[in-house]
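Structures follow.
Here subunit A shows up in two complexes: once beside subunit B, once beside subunit C.
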Partner chain A sequence: MVVTESVAIAVGYPYRAVEGDIQSGQIAAGLMRPLPYALATLAEWSGNTLHRLLVLDAAGIAAGVWLTGMAPVSPAAIPAILISTLLACAIMLLFQLQFGYAAAWVGSAAPLFWIWQKLLFVLGGLILPLTLYPQPLRAVAEATPFAAMLFAPASLVLDAAPARAAATLVSQLIWLALLAAATFLVDRAAASRFAERGV
Partner chain B sequence: MTAIVVDRLSKSFRVRPPSARGVLAALLRPEPATDVPAVRDLSFAIGRGERVAFIGPNGAGKSTTLKMLTGILHPTSGHAAVAGFVPWRQRRQLAHRIGIVFGQRSQLWYHLPVRGSFDLLRRIYDVDRAAAAARLARLAAIFDIGGFLDRPVAELSLGQRIRCEIAAALLHAPAVLLLDEPTIGLDVTAKSALRDHLTALARDEGTTVLLTSHDTGDIEKICDRVIVIDHGRLLLDEPLERLRRDFMQRRAVVLITAEEKPALDMPGVAVSTAEPYRLTLSVDTAISPVERVVGAALLRLTVQDLVIENPPLEDIVKAIYRGDGSMEQRHVPG
Partner chain C sequence: MKLRSSLLYLAALLRLTVTETLARPLLAATSAVMMFGNNLIFFLVWVIYFANFSNIRGWILADLALLIGVVAWAFGLTVFLTGGVRDLAQTIVDGRLDIHLGRPRHPLPGLLMSRSLSSGLGDMASAFVFWLWLGGIGLGDLPLLVAVSTAAAIVLAATLTISQCIVFWLPGALSLCEDLFNMLMMVAFYPQHPYGFAVRLVLFTVFPTAFISLLPVEAVRDHDPQQALAVLGAAVVYAGLAALVFERGLRRYSSGNRVLELR
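Moving on to the complex of A and B:
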């Protein structure tokens, strides 16, 4: 729970910043710089996320130790959990960047984001761990990127055996690569739209 | 040497009118789109170090042209080069050579101290650390921003923020500075200081300045040439002196007096409006300089308040259309 909540809260709502930039025209200032707007935004929000993640995880781990009276994970599992958590945040940031860009087409991205967020809560394992789902539903959930954002790092807290950790991280890396490619395409499409229609 | 070349540049926006038949019908059978021209066959050239006002009424195509010159908007047809680069093909390279200030839009990070924003911009524009420090010291002195470099941008007044915005746009020593309404929202003192700073810097460093503004005061203080566009077309391209002589010689003088029916009869002075305790005069400064009119008013009337206003840009454009210097008697704060 500490891991899933900290990922979801640490990333926050960067889509709102991008949406706001598009709606207000402020994105023009970003597009005029020599650094691509998408990269600058990701860099800014990665910094914000890391900062919040440190604070949230410190508080979460302290609460976990206090409530259970024991260390929440074995030291050997920590590197895999850390990497998985960072990958989860990166996937979530890429998703949110795309939702922000959606404002270029649909005006407000909030309705799309609302649907996506509810799917994340259900298929990502925030409401209930995916291990408690019926097998067919669990199989579907694990095949989506939602599980890669929440369930993946949380599941390593319970079982970080090398083979399972490697499979989890590879799955996350595949989703990250796919999302990065999709974000690149959306970024190009948005830039073309701005170039033709203005910002 | 030419800093900006614009050759028969045009931009049209494809607009689809909203359907009156409902959302579903609009999706299934959308209304036919029409092309709305924003800039039409615009051509001009600006030499290195020139300070040019690029003016026109709202919707004239100024911002559209500026956006094309930065490369974020692609033209429908025509050609342009800024600092030797075609903006929409070489936007990244061009970004290193131009500085941009949009009065309403910030390029500073709201929650960071000003110095933090400058440090980020130094990295984004790949400016050497020592060179950036020297540059920042110079800009801080010129724009008088040294006192609040360590304060968050969110805590600055509008005037302080705009000075920081312009200094930020100049950190990488651009050859061309594009300013879109840089003094909008500033008070009279802040406007005056900013104009002086900008003029001094552009003159000292040979920076080419292209400025859009609705404030004729900006144009008169900063620029030495004026390009006027309207409905996307070039209307006039002349030295400021000629524009001033032909179209900007009138000033509005508003007098608030103790007399109920104030009157002031002088050559070159026409009454625009006369109300109880308030007299608005249109002064032809070629016949009676403003200081002479003000002096006479102070001598003959009990003046309680006094405002001198520049002619509104819209009136100048109308006068240009008419081809004479007689303007309608409307007023905007100067």
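Moving on to the complex of A and C:
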């Protein structure tokens, strides 16, 4: 839970910033800058997320040691968990950027985000590990990007055998590539919409 | 006479805010339906949990349904009637209180009722599903349930008001206000009865989620009028505290000269 909760809380709700920029028309200024709006936004969010992640993980690890009376993970597993956590955050930020852009079409992205967020909680295994789920639901969850965002890094805390860690990281990289491509397409579509209809 | 005048003023404010929210009916309906679905999806976590474990210190799935229904009602009512509470800190920091301070009434009701979130209707509708269907509550318990959940809404709105007023003293604490809101809701949505004395002390005082979810549920489960009265009493106390903290904070307020926007 330390891992799943810290990833979910560290990323937060940054889509609201893009939604706000679109609703207020301030995105026009962002689109004029030499650095693409999406990249600048993702860079800013990455910094904020890393900062929060450090604080949350420090508190979470301390709580984990206090509650269990032992070091929660073996030192050998730490690099894989760290990389997996960063990949999870990156996938979530790409989703958040797409939700922000959704405001260009639907006005308010919040209703879409709520559903996505609760699916993340359920299919990502925020509170309960997917291993406790009934097999059909577990299979569905593992086939979605939600598991790559929460369950993947958390599962490495319990089992970071090299083959398993590699499979987990590869799966996350595939989702990251797919989400990056989808975000690029949404970014292009939003830019076209702003060019045609104004902001 | 004064009370009647105040009630008429609040009713007029409410009518204006709700009319504005429902002016875009499609967006309002979408928000409500999505929030309804959102709450049901969240409940799946507990369905999966109780498929693996029999209870949480005596609470079963129906009790969790009762709890989520209470919090959904409290949150929905809060954001539908007093949605301005979600922006209160930003309004203070931006110096946008001027418009409300110029009116011949206490500024707090106007501020809180300056916005209505239609998603709250979805929350309130989902509460009945949680109570009557998933929680197995009889229609006879519904009046008590609505009463304590409405009192919980007052505690929630008051607590949010107090937490948002932090920016009167710490103008840079906007994100802290948002974090406190998220933390409050996160704790409220989880069962709190297993906690020990120290944590309970916090939950009954500075972080009063016990009055928002635990006590209303216990009052209905045990048919205990004392617990129900405690929730109603807490609503009065926290509402008074919120008004007091807001008035204290107001003394430190710096105008943003936004009264010009009225021109």
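Going forward, the second predicted complex is superposed on the first by the 199 of 199 C-alpha atoms of A that agree within 3 Å, B and C clash if a C-alpha of one lies under 4 Å from a C-alpha of the other, contacts with A are read in each partner's own complex, and residues count from 1 in each chain.
We take it that contacts are C-beta pairs under 8 Å (C-beta built on N, C-alpha and C of every residue); 3 or more make two chains touch, one makes a residue touch a chain.
Given the structure is predicted, the values throughout are model-derived calculations rather than measurements.
Of the two partner chains, neither subunit B nor subunit C is touched by A:Leu173.
With both structures placed on the common chain, the touch criterion links A:Gly107 to subunit C but leaves subunit B unconnected. In the overlay built on the shared chain, the residue A:Ile83 is in contact with neither subunit B nor subunit C.
In the superposed pair of complexes, A:Gly198 makes contact with subunit B only, with no contact to subunit C.
Of the two partner chains, subunit C is the only one that A:Leu132 touches; subunit B does not reach it.
In the superposition on chain A, A:Ile115 contacts subunit C only, with no contact to subunit B.
Subunit A uses no single residue to touch subunit B in one structure and subunit C in the other.
By the touch criterion stated above, subunit C contacts subunit A in their complex at residues 24, 27, 30-31, 33-35, 37-38, 41-42, 44-45, 48-49, 51-52, 119, 182.
Subunit A meets subunit C in the complex at residues 9, 106-108, 110-112, 114-115, 117-119, 121-122, 126-128, 132-134, 137.
Note for the complex: subunit B touches subunit A at residues 13-14, 64, 67, 70-74, 88, 91-93, 95-96, 100, 102, 105-107, 109, 124-126.
The touching residues of subunit A, counted against subunit B in their complex, run 24-26, 28-29, 31-35, 40, 44, 194-199.
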